[in-house]
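Below are the structure tokens for one structure; questions will follow.
Labels for the chains are A, B, C, D and E, by order of writing; each one numbers its residues from 1.
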Amino acid sequence: AQQPPTLRIALLPIPDVLPVFVAEEKGYFKEAGIRVETFPVGSALERDQLMQAGRIDAMVNEISGTASFNRETVRMKIVAVARAPKGSSPLFRILSSPGSKITTPDQLAGVPIAVSKHTVIEYLTDRLLGDSGLSTKEIVKKSVPVLPERMQLLLSGQIKAATLPDPLAFAAMKAGAHVVMDDTRAPLYSASVLSVSAEAWTGNKQAVGAFVDAWMKAAQDINADPESFRPLMLKKIRVPKNVRQSFVIPPFPVNTVPSRAQWDDVMAWMTEKGILKKPVAYGTSVVTGRFKE
Amino acid sequence: MSQVRRRSTPMGTLLGSLTLLLIWQVASMLLARPILPPPTVVVPLFLKALPGDLGLHLLASTARVLAAILLAVITAAPLGLALGQLPKLDRIVGPLVAIIYPIPKIIFLPVIYVLLGITDLSKITLIAFIIFFQILVVVRDEAAGLRRELIISVRSLGAGRRALFRYVYLPASIPAVLTALRVSVGTAVAVLFIAEQSLTSWGLGYYIVVETYQVLMYPEMYTGIMAMGLLGAALYVLIHTIERRYAKG
Amino acid sequence: MTAPIIDIETLNFRYRDRAPIFEDFSLTIRQGEAWSVIGPSGCGKTTLLYLMAGLTRPDSGVIRVGGAPIERPRPRTGLVLQDHGLLPWATVEENTKLGFKIRGFYGPDGKHSPEDAEKDPEAEEALTRHWLSWLGIDHVREKYPAELSRGQRQRAAIARTLVLSPDLLLMDEPFSALDAPIREELQRVMNRFHRETGLTSLTVTHDIEEAVVLGEKILVLSDTVNQTPTIVDNPHAGDPDLRMGRQFLEQCSALRALIETRSRKEKP
Amino acid sequence: MSQVRRRSTPMGTLLGSLTLLLIWQVASMLLARPILPPPTVVVPLFLKALPGDLGLHLLASTARVLAAILLAVITAAPLGLALGQLPKLDRIVGPLVAIIYPIPKIIFLPVIYVLLGITDLSKITLIAFIIFFQILVVVRDEAAGLRRELIISVRSLGAGRRALFRYVYLPASIPAVLTALRVSVGTAVAVLFIAEQSLTSWGLGYYIVVETYQVLMYPEMYTGIMAMGLLGAALYVLIHTIERRYAKG
Amino acid sequence: MTAPIIDIETLNFRYRDRAPIFEDFSLTIRQGEAWSVIGPSGCGKTTLLYLMAGLTRPDSGVIRVGGAPIERPRPRTGLVLQDHGLLPWATVEENTKLGFKIRGFYGPDGKHSPEDAEKDPEAEEALTRHWLSWLGIDHVREKYPAELSRGQRQRAAIARTLVLSPDLLLMDEPFSALDAPIREELQRVMNRFHRETGLTSLTVTHDIEEAVVLGEKILVLSDTVNQTPTIVDNPHAGDPDLRMGRQFLEQCSALRALIETRSRKEKP
């Protein structure tokens, strides 16, 4: 018998990738006639290295990540939005340390905020605070790329504010940190996306399509009855101990891709930061026409 | 250089460990933060976890470290000996080593992935690659510093380059290799910490970073650190034992 | 007259930044001869031995040993060094057998090991036993060099060389750390060995009597630069028991006078 | 142990560097992927960037490494010498070192931050802490292995523990300290790579990881790596020079 | 009779796993005496010296030096070792001045340095010069040990000890690597030094003549276990120029006979 087409995907232990595990458990991949190999990775860096090395075909990342890959030639394509802030489930929160009195964005003027620089977290922090009326000068950021370290510095008060992703941010909240803002009020900025390598897209369009369909099916399952997937989530996704039961399983968007406006805003930020010399074109990097924008 | 060192005794080890626990306890009381839980919490947890998953993580890491050390020694030691013997070669390779040596090899992980794929071999190669240089440098320096009379007198028995290598440089550098190894064991275990974060679900690096540190389970994290310390100490003792057998006179 | 085994031609040598030791120095040593080399401390005796052994390169000139210019240690040359050079991690016995091991390692390639060398563990064992007991260090066979007295170390170094049955033996003050009875015993052994095997030997010593006992020809070096060699013919070589004879004593005084005039005064 | 080693010449260094560039070029052509750009792209970029920001990153890293090395040497060398001289003390401290040594110290970065605040001192302390052990182990082994006659004869001139330390152990272990340093320089630079990711915007670690590696700017990343290699090589040469001055006879 | 400076009482000593060397061995050496120690290679001469210098601990028994039991090297004892022990990274001159440096380091504390030791760089310089030139190694002052001939190294070790003006001098085969003229010169120097300064000295040697020239008393050790010491009174000590005299020669033969009977036969 012929081997079913195989897709290799690297997964960080974050809630955004939950649909893959659900689809796997429900047998949606087998149903669609594809084989999916998952590789657990510890950091975004390593995930990107695997892609660079040609050892994986797909990953969940951010718009800016895919843009970086496509700096010179198109090497990755965004096929869908993996997760976006919705309802009361943000992706990221800007927190202040328990001992500080900071609760509103304007109090953050001039206060160093721990972020991972040149990532969606910095982008989001810039945009959220900018929207709240802070000037570029007033937004001060400090690089702390390791998440637990960032949280530790925040909780110990060594640093006054930090932007953290859920569920770590949620755990920090429970440990006493104040929420200054989260991204639910501006859901445009912080979508994570499902990207595939250009080779996989051109060489195996059908398999990719089948994979995305299976993902969406799983996403719908989760949206329909989130709580039933808690055991699976706790097994596959890193959720801090103190919020293992209280962390709300987020809703997942179905059949959407990032909009041109979303993409262009990221490009503007990246060129401004010098990460890109010139913006990458929306049309080359995002697969349109299949899903709604 | 080659004296018998009767420096580690069971008694001393016990005392040393107790001292360490004491320092830890005091430090944790002074710091009084969840990031440094006291040994009174961690040690019982450790003893409970060791026969379970933690033991398996430890085994996985041990296997990787041993394989990497082996790989590094069998490549670095002969090259170090050769460089120590051949100043001309060393004059070219030396600067090369000096430049490559401090570069964080983790950078080459993608290259290793391309070449070796996503197997355990990649991790082992990375660790071996890192300690390779440490062993190389120490062995070379030792070989270059051998007493002249020794070499002359063995040459006068008919030894050429190869026999000198076999009967003088090799045995003379065993202590150096072991010293180098002692230095490298620390590095090797530390690299595990990075290398095991991805592409595996077994190993102390994975356990510490992914399973515990990232989800803020500090006491559990420290059981992992204790296991790492244990692994390092066991390797250290192993090296010591070999050393005692070889270092005579 | 037999063929020359060592042939030194217009040798020049000096250590970097030091005064020259040999200048246009020529010397021929013939097969089967027993030579001794004597001269004040620091005159270059050890240096000459190193040159003949191929362990030091001359600045210019040629040293031929067994017909060929010496470029590297010659397998059939036995060398006993002043600094012993025993492997610290090997016992006396292991040190003694080291030469066998090295020969076995290369096989009889004529370069590192004589062409007719054959691996024969029993003969090796017997030779080792024989020399260790002749040298009186059989009872420390299992000891490491650091556990030996100085004289024992010196004898281990001699054993290591003699087990290889060299045809040319170069020794640097081989008996200097030994007491008179053992030393005379060994001198006797060496003389017999020399007569029986036709071995050529050259012994560096600072002891005038030893030079007279061991050397049919005595090379006297000076601690100024050495140009034309001073060679004393010595018919009195042989049995150390003759050392009380008148002729022997006269030879000694003559030598001694020679050394004293040829030495540059270093003291005030 | 203490021979003059005339092993690095300007000519050799040049040849070594050229060899390295050649290997790099060939490897990059064979691999043909953006993760290993060829030196023909990187070197011009490097030369252009060096007088600008890259130079400042390099300076920041250099200052941190030098401070850390200094801190480590002045603490580890005396302790190593003492342990080498005092087998009794070593019997207790030895196992302690053996256990702590292989634990990845990077894990204590948060603890160090909490203790020392988020100043540069934290990073320097961390690096010093890591290489401290490497120097300690090597120096101790060297001091423990000194020739007995040497010690005996100096003791017979009236030297007690302190004078032995000053006139025998200290000069005798300078080569060991330098060898240890050569080994540690690599580690120190590698630790920079991690430590400089946080709480600073200057340093090669920050430049490589945050500014270039993370956003896949490989040619720029390799200029950072070249700067790291340069830093390591410069330290190496520095140590070599000191060594030549001290290692006599 | 002067006071004892060395007093050994029921000394017992053996190396681990070896036959005992000393068993209930007692010996008294008085101030101002010149002793020599002789015996076959490996009999324990060096060991005895180490014991008296406080570098080796007895298994039992007491060794008193200058009245106090010896626990650690005594500052006024000068020791010249068989293995030289020169610092390889220091020149001859630096090695010679090492003792001064150590004394300066501690100051006159009576423990590491004699109580009356005073820092006087000029005197130190003069002493260094004096001994280096007496020993004929002035011209290698700037050289490192590895660049010296063996005899030069030996003399550097002697210089290092003598510059400190010891009151008790323990020397282990100090002249064994030297040629006859220098050796006799040094023997003369030592004898004069002894007479002039009232120094007590003990010289280990394997050379019977040297023992007779240097020792007013000669201790003969055997290579079986040493219990009661064999001490030969020797009125012939003194000028080495007397060594051709009949009495001197008779003394030598007597000693030699003694050594040969007292040595266990090691050879077949």
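Methods note: contacts are C-beta pairs under 8 Å (C-beta built on N, C-alpha and C of every residue); 3 or more make two chains touch, one makes a residue touch a chain.
Going by UniProt, the chains are B, D = Binding-protein-dependent transport system inner membrane component; C, E = Abc transporter-like.
Everything quoted here is computed from the prediction, not taken from an experiment.
For the pair chain C (Abc transporter-like) and chain D, chains touching both partners: B, E.
Counting only chains that touch, the fewest steps needed to get from chain A to chain B is 1.
Traced through touching neighbours, the fewest hops from chain D to chain E (Abc transporter-like) number 1.
At the far end from chain E (Abc transporter-like), in terms of centres built from Cα atoms, lies A. The interface with the greater number of C-beta contacts, when B-C is set against A-D, is B-C. Rounded to a whole number, the gap between the C-alpha centres of chain A and chain D is 38 angstrom. A straight line joining the Cα centres of chain C (Abc transporter-like) and chain E (Abc transporter-like) is 29 Å long. Averaged C-alpha coordinates give centres for chain A and chain C (Abc transporter-like) that are 82 Å from one another.
Distance between chain B and chain D, defined via averaged C-alpha coordinates, is recorded as 16 Å. Counting partner chains per residue, chain C (Abc transporter-like) shows two or more touched chains at residues 83, 146-147. Shared contact sites, meaning residues of chain B that touch two or more other chains, fall at 2, 33, 35, 110-111, 114, 148, 213. Annotation for chain A: residues 49, 52-54, 148, 152, 156 touch two or more other chains. Listed by chain label, the pairs that touch are A-B, A-D, B-C, B-D, C-E, D-E.
Interface of chain B with chain C (Abc transporter-like) (complex): residues 2, 147, 149-150, 152-160, 162-163, 166-168, 171-172, 246-249.
In the complex of the two chains, the chain E (Abc transporter-like) residues touching chain D come out as 50, 53, 55, 72-73, 75, 77-79, 81, 83-90, 98-99, 101-103, 105-106, 111-113, 144-147, 157, 160-161, 164.
Touching chain D in their complex are the following residues of chain A: 44-45, 48-49, 52-54, 64, 68-69, 71-72, 116-119, 142-146, 148-149, 152-153, 156, 158-159, 275.
In the complex of the two chains, the chain A residues touching chain B come out as 13, 39-43, 46, 49-50, 52-55, 147-148, 151-152, 156, 168, 171, 238-242. Chain D contributes residues 1-3, 5-9, 11-13, 15-17, 19-20, 31, 33, 35-36, 87, 90-96, 98-107, 110-111, 114-115, 133-134, 137-138, 141, 144-145, 148, 175, 179-180, 182-183, 185-190, 193, 208, 213, 221, 225, 228-233, 235-237 to its touches with chain B in the complex.
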